[in-house]
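In what comes next, subunit A is part of two complexes: it sits with subunit B in the first one and with subunit C in the second one.
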Partner chain A sequence: MSIFEYNGSAVVAMVGKNCFAIASDRRLGVNLQTIATDFQRIFKIHDKLYIGLSGLATDVQTLHQRLVFRHKLYHLREERDMKPETFASLVSAMLYEKRFGPYFCMPVIAGLGDNDVPFICTMDAIGAKELAKDFVVSGTASESLYGACESMFKPDMEPEELFETISQALLASVDRDCLSGWGGYVVLVTPTEVQERTLKGRMD
Partner chain B sequence: MKLDTSGLNSMVPLYGAEEDSEESILSVPSSFQLPRTTDFDGFQKKAVQMVKPAKGTTTLAFIFKEGVIVSADSRASMGGYISSQSVKKIIEINPYMLGTMAGGAADCQFWHRNLGIKCRLHELANKRRISVTGASKLLANILYSYRGMGLSIGTMIAGWDETGPGLYYVDAEGGRLKGKRFSVGSGSPYAYGVLDSGYRYDMTIEEAAELARRAIYHATFRDGASGGVASVYYVGPDGWKKLSGDDVGDLHYLYYPVTASPVDQEMSEIPVS
Partner chain C sequence: MESVFGLVGDGFAVVAADTSATSSILVHKSNEDKIMKLDSHKLLGASGEPGDRVQFTEYIQKNVHLYQFRNGIPLTTAAAANFTRGELATALRKNPYNVNLLMAGFDKDTGPSLYFIDYLATLHKVEKGAFGYGSFFCLSLMDRYYHSAMTLPEAIQLVDKCIMEIRSRLVVAPPNFLIKIVDKDGAREYAWRESIKEPELPALA
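Showing the complex of A and B:
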């Protein structure tokens, strides 16, 4: 198995009507053995910007710490939060800096930009940005996730419906992957509130 | 190297004088055809790699006072992809003998069915049932003759014969071990942990079944390549009986129910005076 499949992961983000949801599984494994079932892969950058990192767990944690550092520095200098588009460019540049010794992570970025317009994008491990208007996926379960999201997604969903859809897509996909699952974690962000929920899934 | 192809001699041609080509649908070919290549060893190596046998499974069996318990999960995985959650890994060789499947599914299914045929032939020829010792020896000898050809089988033969309960571990490398407790597959270390610490010789059938169920459940929790349904079979003096088949997703919340945790942040209305 490749280095991206060493720890196992599944991350997905979806756009709704003036809101977005980002979800991940909770497993941390070493090849086939499960070590933990409460591993955090989705991190807050600021109230309206979240990043989900799939891939090698050590790089997930290091990259998260570095990105939080860079954003805090930006906040001190500019006295405001970063826009999601700008943050995506920052992540892309940081990943490409390590072009010949990369971080083994595939980030998923989701945020509310100007006028609370939802923004999502994903990248490969060396920073190739891919913007999307509907959903983005990443991780060992990505192929199953593409299929599930493609069939379940509808444009302009309200927050409750978006939460249902992303949860079902995530749980259905990780049930077909040996290396991810063991529960789910969903963050739903609207202009006025943030809801974090843990999903009850199959623990096998 | 001469292969022992007696494993394939199970059918007599229907019409007595059928001696023509092996492709006749009414007769079984007398040997597996081997490919004609210049580099046979290289071809063999590639063929073994193609099948890529990975024993992603958990099976276990143990003998106790009342008989034998046999238990297995039901997941089939190809690398990281789960190809099925409902595979029958406990194979019914005959009404009083069970075999477990670990390794290549096709290999296990074919050779177990073949073993069932040979056991029946033994019964008819000798007017008595074959012992578990004899059956496992038949299988082990056949597998030994195919050693190095890439068969992937890690099976346990469990049954009840005149001498009482019998349990043997047989694998495709030609090993055959008699024992009282076995677990086979990628989830076996986790299953052994639960099985070995909870085992007592004098358990009731229900206690033994629950031990097996828990052991399989714990293996499916920790091992990525095991999951699906935990089935438990019991082999007693009257033959085998399927006791239960529980989805391990439900078993988790049965053993570890979700308790309401204190809410960290909650918004509530403040009464205005």
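Showing the complex of A and C:
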């Protein structure tokens, strides 16, 4: 089994009308065994920027700590929050630094940039950025997620519809993957508010 | 194969570990204490490579003491767990420690807590956790019988169920177990569960 599949994960982000949603599963596993059903993979960098990290759980935690540190330092120096595009470049650079001993993580970055234009991107474990206008996926359930998102996605969805769509896409995809699932966690961000919700899914 | 498991109850946390020190087919001793007392209110149950287990847990214990000497107050359980994860994570890509840990502690303001830290430095706060082949039996038993705010007798009954299951279902089952608990009165040994008692040898003349 690949090192990326050791803990099991599923992360997806979608763009709506002046909003974005980022969702992940909640399973922490060790190969075939499930250890916990409340593992956090989506982290807040600042009010309008979230990062979801799939892959090896220890690297998820290490990367999260390093990125929060880097952003706090940036904020102290620049006296403002990082733009999502800048943050994506930072993550890409940090991952490529470890080109020959990489972090086994595939991040999904979602944020509201200038004028609250939604921004999403994903990258592989060594920092190859992939921008998208509609949705990005990552994790052991990524192939199922691609299919589910492609069929369920519509451009310019309102927040409520976006939440519904991303939740259904996530739950449908993780149900086809034994290594991810055990519930879902969705963050929906609009220019004025942030909604965090836990999804009840098949617990198997 | 080594088994360590633990759970959080009402105002206490309990950690149990087998007590055999083995090397391939040989059992060196069957009264090895694998649950280290980090300070007055913290326990660290460890399983894994024997050298790493002792060296790493002693290193953590001494650093927890050092913090208390330097700062005059003890670390919280969460802080100690995060420190331990940091040490494991730093060593992971240099000279990794092959140790799985369950850290149990009691803090005055937050009560009892249990932290699962595996050998790759994955940290997670849990209500019940287990390592080793025994975990395949213990986790399922605890899923079935655990509920939040268990009393001490209920929790020990569950721990005993897990021990009986490991003894009866694991092919190379460790014979003896040690149970330690931590609550507001501190961390202490609770009981041994021995099915093979090491003989008390008379001193050589």
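Going forward, the second predicted complex is superposed on the first by the 204 of 204 C-alpha atoms of A that agree within 3 Å, B and C clash if a C-alpha of one lies under 4 Å from a C-alpha of the other, contacts with A are read in each partner's own complex, and residues count from 1 in each chain.
Everything below uses one rule, namely that contacts are C-beta pairs under 8 Å (C-beta built on N, C-alpha and C of every residue); 3 or more make two chains touch, one makes a residue touch a chain.
Worth saying up front: this structure is predicted, and the values here are computed from it rather than measured.
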item: Which of subunit B and subunit C A:101 touches, first, second, both or neither; value: second
item: First (subunit B), second (subunit C), both or neither touched by A:140; value: first
item: Partner chain in contact with A:33 - subunit B first, subunit C second, else both or neither; value: both
item: Touched partner set for A:56, first subunit B, second subunit C, both or neither; value: second
item: Which of subunit B and subunit C A:25 touches, first, second, both or neither; value: neither
item: Greater subunit A contact set [subunit C / subunit B]; value: B
item: Which superposed partner A:5 touches (first subunit B, second subunit C, both, neither); value: first
item: First, second, both or neither for A:202, with subunit B first and subunit C second; value: first
item: Contacts on subunit A seen with subunit B and repeated with subunit C across the two complexes; value: 33
item: Subunit A to subunit C touching residues, read off their complex; value: 6-7, 28, 30, 33, 35-36, 39, 56-58, 61-62, 101
item: In the complex, subunit C residues that touch subunit A; value: 85, 89, 92-93, 116, 118, 120-124, 126, 129, 135-136, 139
item: Complex contacts: residues of subunit A adjacent to subunit B; value: 1, 5, 8, 29, 31-34, 140, 175-179, 200-204
item: Of subunit B, residues touching subunit A in the complex; value: 56, 73, 75, 77, 79-82, 85, 186, 220-228, 248-249, 252-253, 258
